[in-house]
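For clarity, chains are labelled A, B, C and D in written order, and residue numbers in each chain start from 1.
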Amino acid sequence: MFISRRRIRVEWGDCDPAGIVFYPNYFRWFDSGTAVLFEEAGLSLPQLYREHGLKGFPLLEAKASFSGSSAFGDDLECEALVAEWGAKTFSVRHRMLRGGTLLVEGSELRICAIPHPDDPQRIKAAPIPAVVKERLGGAKE
Amino acid sequence: MFISRRRIRVEWGDCDPAGIVFYPNYFRWFDSGTAVLFEEAGLSLPQLYREHGLKGFPLLEAKASFSGSSAFGDDLECEALVAEWGAKTFSVRHRMLRGGTLLVEGSELRICAIPHPDDPQRIKAAPIPAVVKERLGGAKE
Amino acid sequence: MFISRRRIRVEWGDCDPAGIVFYPNYFRWFDSGTAVLFEEAGLSLPQLYREHGLKGFPLLEAKASFSGSSAFGDDLECEALVAEWGAKTFSVRHRMLRGGTLLVEGSELRICAIPHPDDPQRIKAAPIPAVVKERLGGAKE
Amino acid sequence: MFISRRRIRVEWGDCDPAGIVFYPNYFRWFDSGTAVLFEEAGLSLPQLYREHGLKGFPLLEAKASFSGSSAFGDDLECEALVAEWGAKTFSVRHRMLRGGTLLVEGSELRICAIPHPDDPQRIKAAPIPAVVKERLGGAKE
């Protein structure tokens, strides 16, 4: 299974008057963490979308549990990996730690979308390209 | 049960290159929706914190399900209510609709926090003030 | 001259660990203030772009002066008006006040853009549609 | 003169429906760029504030000129330096380039603030600590 790891420095503007990260920012980091996961696995999203006629991997669900807070200047270790594969969906697990201590754990459930044949403005679920499962691991099909 | 309703206009800067709301913004609206819920129920958060010696209502969990997208200029109807009460926690349910159609549903699990007696930098769970349950409804204790 | 006035409530997530608005948010409000200015003057931006073949009104310059700070829960009165017209550019002046006291004053210099005839990916300056000057005032051409 | 250089990757959520960076984000990067400038010069802001009794370096003015746009996935080279020193103020110049081409140039005018002797809630201008001028350069006093 392919795991992406990167470091994020908490900025002043990420924090709220309590001096801790304003929580929607963690979801912002989840979103960019998924982009980094694909990129580090050698998957260019624009190229993937083009070659497979995809409209992207829109989000069905997102969630996070918070067990600690972080503050201005903290360096967070961010991990992302695909924890579960469906035929047309996948779930990305995100973990954020500081000095090895888990602060936030969450997931994004995303769907593989193509333009709807009846109305290109709408989307339709499609099978995940094999190359995605190969590179991000765990595919046994 | 007390329900808060407000309208949010989706702004240009809320949307991403796909032309739809960048999803962490929904959590931003959940957060402000909880503030509005308290305020509309006649509960001033600063006053509440002061009178009950609270450090606030930090977040334990947040989640959202997305069944539709919204775009620049959309007017979203936002509902918030406390869906569940624990002794020291409560869960706020948020719903966002457009023209009566549900687009996003989510929840925030929050805890009532006081300064920890051993270390005022840390927090400790505390019973939710009775006035909060009275005003936001559903308390049967 | 057409003046748009709206009220903005400062949210928790708009503020930084100093307890005051994180300054890039004022520019976010400038941007949405310009959208509101057009809309209140009866100018639909999407329709305007479509009918005049515009790519929009991209920004050339933005600036702001800060004479006071604002905090969570503040209600800010926001004013926007076009302060200066060029043939192909215009400058929107933004003012943000609290209780009649000016806190922030700024401006955005924007250009009227059409697709470049040699390369539709690039843009080219174009004359501002007459209807824009009529509705937002001050046109004497 | 001390110059800080760092690289920023433009994220999906930084961009708007036109596919380019939503401009307030450049000011967000200016703000964090100033923090990085101090840090790279060996100046810890929290320590500086503590040792000199400062309330920080609040912003008086911010401005930016935009000569090009940037999009998702772009790597921006960000430069920051103090371009001008007053007795109690200083101006940070920020430049953002892609592949050596200047896209955005801006500045922040900041003041050195201490608590006001009559009212600690308010601030008062104070001389910039000598160590700041020494480390960030150009001081000839």
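Basically, contacts are C-beta pairs under 8 Å (C-beta built on N, C-alpha and C of every residue); 3 or more make two chains touch, one makes a residue touch a chain.
Note that the structure is a prediction, hence the values are computed from the model and not measured.
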Any chains in contact with both chain B and chain D? A, C
At the largest C-alpha centroid distance from chain B we find chain D
What is the distance, in whole Å, between the centres of chain A and chain D, each centre taken as the mean of its C-alpha atoms? 30
Suppose each chain is reduced to the average of its Cα coordinates; what separation in Å results between chain A and chain B? 24
Enumerate the residues of chain B that touch no fewer than two other chains. 12-13, 18, 22, 24, 28, 31
Using the touch definition up top, name the residues of chain A that touch chain C in the complex. 12-13, 15-19, 22, 24, 71-72
Residues of chain D defined as touching chain C within the complex: 18, 22-25, 27-28, 31, 55-56, 58-66, 69
Taking the complex as given, what residues does chain B use to touch chain C? 11-13, 28, 31-32, 35, 46, 73
